[in-house]
Amino acid sequence: MMYLTRRERFNAAHMLSNPEWDREKNEQVFGKCSNPNWHGHNYVLFVTVKGEIQPDRGWVIDLKDLSKLLKEEVIDVIDHKNINIDVPFMKDKWASTEVLCEEIWKIIQQPIKKMGATLHCVKLVETENNYVEYYG
Amino acid sequence: MMYLTRRERFNAAHMLSNPEWDREKNEQVFGKCSNPNWHGHNYVLFVTVKGEIQPDRGWVIDLKDLSKLLKEEVIDVIDHKNINIDVPFMKDKWASTEVLCEEIWKIIQQPIKKMGATLHCVKLVETENNYVEYYG
Amino acid sequence: MMYLTRRERFNAAHMLSNPEWDREKNEQVFGKCSNPNWHGHNYVLFVTVKGEIQPDRGWVIDLKDLSKLLKEEVIDVIDHKNINIDVPFMKDKWASTEVLCEEIWKIIQQPIKKMGATLHCVKLVETENNYVEYYG
Amino acid sequence: MMYLTRRERFNAAHMLSNPEWDREKNEQVFGKCSNPNWHGHNYVLFVTVKGEIQPDRGWVIDLKDLSKLLKEEVIDVIDHKNINIDVPFMKDKWASTEVLCEEIWKIIQQPIKKMGATLHCVKLVETENNYVEYYG
Amino acid sequence: MMYLTRRERFNAAHMLSNPEWDREKNEQVFGKCSNPNWHGHNYVLFVTVKGEIQPDRGWVIDLKDLSKLLKEEVIDVIDHKNINIDVPFMKDKWASTEVLCEEIWKIIQQPIKKMGATLHCVKLVETENNYVEYYG
Amino acid sequence: MMYLTRRERFNAAHMLSNPEWDREKNEQVFGKCSNPNWHGHNYVLFVTVKGEIQPDRGWVIDLKDLSKLLKEEVIDVIDHKNINIDVPFMKDKWASTEVLCEEIWKIIQQPIKKMGATLHCVKLVETENNYVEYYG
């Protein structure tokens, strides 16, 4: 079993806010992350798949296919966008790194299975000081 | 003459848009950077000052003073903010990396002189693939 | 189950030395790491916790709380210190990256449980060429 | 149980090609990676071993021993070489990152056992956008 | 005057060899870099241009144009290629980082002038331990 | 004229302290950097030389020679040492990054001239947030 990781990047705006709370409560809980005028990040996405080495190609899957999938299903949808407003798969969901990571998992799990590999981990880096990982 | 550099970071939302143009023209020129719902970045700021080594301290200036200045005058004003809306020193200015870099220069040049050094360069990194530098 | 990681940094002096051995034997085993006048490193600490996403906040735990804990219990105690001499939780222990990693685990495990998450991994980077990880 | 990682680097040329296919088929499958005149990479190797902390030394194993092993058995054999032509342990094998990673595992597993530790992971980074990991 | 830098990457094979010397002399001078079976690198290219901020756009030049130029004139020509054999603009020239850097300068200087900026610096990183810079 | 840079690293202990001041005054000026039990850093050294490309070799100077010089004259003298105590060329000098940078310049300037190049810049990185540069 071999683990293969592809890195992609996107830049997006977001804010953290619970719509059932007033602004004061949101500011108390989420601090500067709740700025109603938004802030943003350079997100870095690492997707790890596992599988056997294909005997006639020497690789687990074609990284170009994995990269194409990530670009079409994730990066093109979220890059230079507002996570809270513009991204269909984040509609009515928390625009946190944790939830974003989990939603990306849901989108790419089946397509990766069709490529002949198994999704192992989605890692999403928000800043140089924090990141989340989801293993399903 | 010794050159001393301090790195600071901030995360902010912005968009590129010429208010005299309609949205179509803005999209044609600025592409996805003109998304009216904003996007954002993890900006990295490098400020370089030059000066003589102080004979009784062994340093050009106290990096703690330089860091404090940058935090109070720049980072606290712009971190987790919307550059186009929230930042007084960017009011009615382009929210581009170039203009932001130039405006940061204007704000910190005099205070650095008062510390006994000369501002040499403001470098602002927007993504791992692009940055700007301003030398006055 | 979501995994959330916070990065912190500290700069410290240390040496590797077995007090039951003479200096020649220490030099033979630990080489330049046994310099009795000390050397030092920029250590980078990665703390990973796991837990469920909180339904009303969208995160596992508040990263500000985790950062505050790490700063108060670890960074403030060890930053700009001598690991062999100045750090109470390292008293009479090996000032190696391995032992330091294990001791940091012991200090933060319970407080992280009180935050509602489970400590998963403490990773400590000593140089760009080596690091240790402890999973309890 | 403590996990200890050492990083090493090597620069090498390679190409991806199935000798049973003609050039057109190879180009169709492997794209620019099949250039018959070769291309190359700065590979970064991370080797992780696990073991107990030695009571009289404070470490799992001596990193100098691990580094020496990696240099003699891997780096000296492959650095500034052509992976398809020059490297005995890759003879008649795919010059892919996956296979290279697996072959490095086979070479170093026993020597690491003799050092008193267990090989846990071989990670091989080919570019900033992709890497593989093998756990045996 | 503002300085704007774009980063691009390419992976290529090369060797250092003076065709007027025999192999022994080449090995004596260039060491392992003269391996006749080639080795390779992940090259990182930084191109810095300077110019005035355009009053109706807020930038010096459109980074998309600069990136397109670099991709068409440099990256597409050299990526996944053999610098000594495959690259027309390196024909009969030294495949050293220095000469490569100078030749990239010659190719992009005029097109950058046509964009309304001035080429300031071409920086080419060969490994994490060495790079060259050319200012014309 | 081509600029060529070599990176080297060393790990060392130091403290900032003016021997003519009492400990209270030192602590007031230098803060935690004045800890009398030392702290330390992973220093990163970048040395840039300039010169013409040698017509029969394609390089400015042999990087192996530059690396050997830096290792013998700087790294071997200071790595895993205490800058205030162990390093002859820092005797009776400030153990600051600024002074260290200047002293490294003095040591390597003449040997680099003998190699046929001119020392252009010594850059010394103390942490990821600060560095100094000296151009003579």
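We call the chains A, B, C, D, E and F, going by the order they appear; numbering starts again at 1 in every chain.
Going forward, a residue touches a chain if its C-beta (ideal position, glycine included) is under 8 Å from a C-beta of that chain, and two chains touch if they have at least 3 such contacts.
Keep in mind that what you see is a predicted model, and the values were worked out from it rather than measured.
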Those chains which touch chain E and also touch chain B: F
Note the shortest touch-path length, in steps, from chain C to chain E. 2
Identify, among C-F, A-B or B-F, the interface equivalent of B-E, where equivalent means over half of the contact pairs coincide by residue number. B-F
Chain separated most widely from chain F, comparing mean CA positions: A
Count the C-beta pairs in contact for C-D and for D-E, then report the pair with the higher count. D-E
Just how far, in Å, is the C-alpha centre of chain C from the one of chain A? 29
Using the average of all C-alpha atoms in each chain as its centre, how far is it in Å between chain A and chain E? 33
Give the residues of chain E that touch two or more other chains, as numbers and ranges in rising order. 128
Chain pairs that touch, all of them, please. A-B, A-C, A-D, B-E, B-F, C-D, C-F, D-E, E-F
Residue numbers of chain C touching chain A in their complex, please. 1-8, 48, 53, 56-60, 62-64, 67
Residues on chain A engaged by chain B in the complex (per definition of touch): 9, 11-14, 32-33, 35, 37-42, 79-82, 85-86, 127-128
Write out the stretch or stretches of chain B touching chain E in their complex. 16, 18, 20, 29-31, 93-99, 101-102, 128-135
